[in-house]
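Here come two complexes built around subunit A, the first alongside subunit B, the second alongside subunit C.
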Partner chain A sequence: MPGKAVLTGTHFMNGDEACCEGALAAGCRFFGGYPITPATEVAERMSKRLPQVGGVFIQMEDEIASMAAILGASWGGQKSMTSTSGPGFSLMMENIGLGLCTETPCVICNVQRAGPSTGLPTLVGQGDMMQARWGSHGPYEIIALCPASPQEMFDFTIQAFNLSEQFRLPVLIMADEVVGHMNERVVIPPADQITVIDRAKPNVPPAEYLPYHPGPDGVAPMANFGDGYFMHVTGLTHDERGYPTMTPAAQVEMTDRIVGKIRNNLDRILDYETLFLDDAQVAVVAYGISARSARGAVLTAREAGLKAGLVKLNVAWPFPEDFIRELSGRVKTMIMPEINLGQMVLELERLAQGRCAVRLVAHPGGTIISPRRIVEAIRQALEERP
Partner chain B sequence: MTGNAQRELVITGFGGQGIILTGNILGKAATIHDGRHATMTQSYGPEARGGACSSQVIVSDSDIPFPYVETPQILVCMSQEGFDNNRPSLIPGGMLIWDTDLVETHDLDPSWSLFEAPATRFAEELGNKMMANIVMLGFLSALTDMVDPESLKKAMLGSVPPQTKEKNEAAFVRGREYGLAILKGKARQGAEVS
Partner chain C sequence: MTTALAAAPPRHPHDDLLRTERIPHIWCSGCGIGIVFGSLMAAITKSGLARQDVAVVSGIGCTGRMAGYIRLDSFHTTHGRAIPFATGLKLARPQGKVIVASGDGDLLAIGGNHFIHAARRNMDLTVICVNNFNYGMTGGQLAPSTPFGAKTTTTPQGNPDEPFNFCALAAACGASYVARWTALHIRRLTNTILEAINHKGFSFVEIVAPCPTAFGRRNKIRGALDLLKFYYDRSVVKNHLAPGEATIDFDHNLVVGKFVEFDRPTFLDHYQMVNRGEVEAWPATGVDASAAGQRKAG
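Showing the complex of A and B:
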């Protein structure tokens, strides 16, 4: 049965469903995946929706194959994605690296649950944040978005596709079980009000095309398989033609390009929101579902006359280094609530370099962090002697 | 109860009773039809059916930072386990609602307002015990103005399979009328219903 690609209107849907609708609105027409709680609803809805819009859904044999399938689909010219959670994310690591090395646009949504291992399948966690940054081997940079609501699942999934197409790389959506399963209002705008970015295509004759020769923004135009361009795609270190080149010089050139796409375009990638930061003595820095707890805590603290502010990281990777460095020079304490035993807080410590105190409000997973605990941490921070 | 402040409700039961759907309908009514803010979160175990599950709904006039319900104002129990586990969380002065035939209550706080309905029995009489959650929804619509009753009915009719609309509407009305009759009786006795 044919259906609309963009479900314009007001909905009460969960984050996983909103992720699927965001992907379709961004032009995704291929999903390869393996069901896993709490990400199953993304795949389930995709299996119903993709055939309605002329797309392809494949349930693969596992997450290694799922990742391989979406890379292949991307080279075939489709916008592609997969969704998973902890154990599946671990299996995807090698092929995420392949995607980074071959500069293949695609989107991976990790609806985080509590780990390690099988952990608590139906309960929330934020324990894969460092794995998102460093889980695949070798030098690279990655983009990871952290939605805090079903609406942001829709919006950020579109943004994830746009970034992946713009910079030719796999982009991660680091959601969590609560954001994935929670139902809330989701407003889907008319299709013509949604910004959709497509990858740059080569505008040179096939004989002159170099699949890894960067354009002015450091990104090389990408031809589809079957369009008549000669292409070689390999995970080995390669030159601009894509041919394996086993030299330190080629390695330097390739990795410079891979990390440079992100490091030289931070102004187009970084995204954070602030609240009450101007006169704040304590800044709560948070991402994903914990940013909601943080917001509740900061509002309560302000009502009590405590000078607390909020930084909500919409993009966790790359980390907003310059901003946090500057912030650490003008607050007494930065607090990071996260549903793990201390991951992104390490970034705050690294950047603060002792200019301010850094405190962690942690939970190992299974529940979200109560605003009360963050308010308590804010009080303690204000009472502490410098 | 007034419709303005934030309302927090927990519905408990077991997988297969439509507990999550019930929470979903409440949230849909509040957001889509009443234009307010709502969150619905759920908790369930690894089992698909038969295991304990609950649905947590918050309805508010402003956006809702923290979507978990720690101390509900309204607790709806569709199973004994759900009652036993969640009873301690209900706030003083809160409203406790249960299915007469599925829950034996105990240790009730005198400050609570108490309402029971034989929702599953009514649903069976109407031809399908699967509709017990909809009877309960109708019952709830009579007892609180957490969401507008018409919005709730609209959201319910938009959430059930089309061929079951008529029966579900009858289930909703049955629950609602039962609730209104109880309120009327209590009013006659001079009992204060808040």
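Showing the complex of A and C:
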């Protein structure tokens, strides 16, 4: 039965479902996945919705295959995605590296649960943040978005596809079980009000096409299977022609490109929101569901006359280094609440370099961090002697 | 006239399909992969398919380098993952022909799970497996095809494992085209690859091929031609033999031929049928609800 790709209107749906609708609105037409709690609803809705819009859903035999399949589908010219949670995310790491090395646009939604290992499959965690950054081997940069609500699951999934198409890489949506499973209002705008970006295609004859020759923004135009460009795509270190080149010099050139296209375009990638920062003595820096706890805590603190402010990281990777460095010079303390035992807080410590105190409000997983704990941390930070 | 002839570089019939700027290749002298590669190129040419409509996907290993030498859209993926990559490629662009070319270790050890599921789904792929009984690229380690008792660098006293029969496995999993030749059955191999390319569904072609450098050397058959002939001499053609009986028996019964060929809907055929509502709900015979209800009531 045919259906609309963009379900314009006001809905009451959970974050996993909103992720699907964002993907479809962004033009995703291929999903290869494997069921895993708490990301299964993404696959379930995709299996129903993709045939309605002429796309293909396939349940693969595991997450390794799922990741490989979405890379293949991307080279077949379709916007593609998968969804998973911690254990599956670990299995995807090698092929995420293939996607980074071959500069293949696609989107992976990780609805994080508590680990390590099987952990608490049905309960919330934010323990995959460093794996998102460093889980595949070798030098690379990654883009990871952190939605904090079903609405942001919709909005950020579109943004994830746009970034993946613009910068030719797998983009991660680092959601969590609470955001994935909570039902809230989701407003889907009319299709013509949604910005959708498609990969740049080569505009030279095949004989002149260099698949990895970067354009002005550092990103090379991408031909698809069937376009007649006869490109070679390999996970070996390769030159601009895409040919394996087993030299340290080629390694430098290739990694400079895949790292540079992110580092040199931070203004187009970084995204964070701030609240009450102007006169804040304590800045709470948070992402995902913990950013909602943090927002509540900062509002409570302000009502109590405490000078607290909020930084909500919509994009966790790349990390907003310059901003945090500058912030660390004008606040007394930065506080990071996160549902792990200290991951992104390490970035705050690295950037503060002692200019301000850095405090972690941690939980190993299974529940969100209550705003009350963050308010206590704000109060303690203000009372601490410098 | 003479000058003009001398200036023209000699052309090989397959040059149009080769990334000639990448030659010389990495394969050892005496390797069987070159023969299979030649047969593959001949079959692609004979198929008459438009070149932009054919893609080659490979995994890691010596055979996996085929993708790097063929002038088609070609993908050299991660170890063992050529089939799921090819699955995505095929489903995203169903009008294209997708050929997977890789080795025995890549396709059937690390990639074994993907192999059996792609065969089960009758995914419309052609899988060419060069079986040289070991991991050649890394110096000759144990593979899922290594004969019982054979020496490799990780079975220095002899292989204690039983090898897979790939053709029997493929057929048992639902492959709709299954064949095996040695690398010396060149004409038949080329025709088989052509048939496999033209076959709609999961087609599997295994080629028993010499690896004198890594495998033959450790098993007292050092010469490339000796190894090629060793396999060929022990081969017997038994077309349509039940795949389970199509053994690789090095004493006297290395069975080659075409074992399976039949038509059944591919994954995509079934997917489209299901989505059009053309597939009857399971179970097809229906359930006797009243009988079930009575039992419950009773």
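Operating definition for what follows: the second predicted complex is superposed on the first by the 386 of 386 C-alpha atoms of A that agree within 3 Å, B and C clash if a C-alpha of one lies under 4 Å from a C-alpha of the other, contacts with A are read in each partner's own complex, and residues count from 1 in each chain.
In this text, contacts are C-beta pairs under 8 Å (C-beta built on N, C-alpha and C of every residue); 3 or more make two chains touch, one makes a residue touch a chain.
Only a predicted model underlies this, so the values are computations on that prediction, with no experimental measurement involved.
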| item | value |
| --- | --- |
| Subunit B versus subunit C as contact partner of A:95, first or second or both or neither | second |
| Comparison of subunit B and subunit C by subunit A residues contacted | C |
| Touched partner set for A:377, first subunit B, second subunit C, both or neither | neither |
| Which of subunit B and subunit C A:111 touches, first, second, both or neither | neither |
| Touching partner for A:81 - first (subunit B), second (subunit C), both, neither | neither |
| Subunit B/subunit C common contact set on subunit A | none |
| Subunit A residues touching subunit C - in the complex, by the definition given at the top | 29-30, 32, 51, 56, 58, 60-62, 64-66, 68-78, 80, 94-95, 97-98, 224-236, 243-244 |
| Residues on subunit A engaged by subunit B in the complex (per definition of touch) | 10-12, 121-123, 178, 181-185, 292-293, 295-296, 299, 367-368, 370-371 |
| Parts of subunit C lying in touch with subunit A, wherever the complex brings them together | 19, 22, 51-53, 55, 57, 67-68, 71-78, 81, 83-93, 95-96, 113-114, 117, 267-268, 271, 275 |
| Subunit B to subunit A touching residues, read off their complex | 23-24, 27-28, 31-32, 37-46, 65-68, 70 |
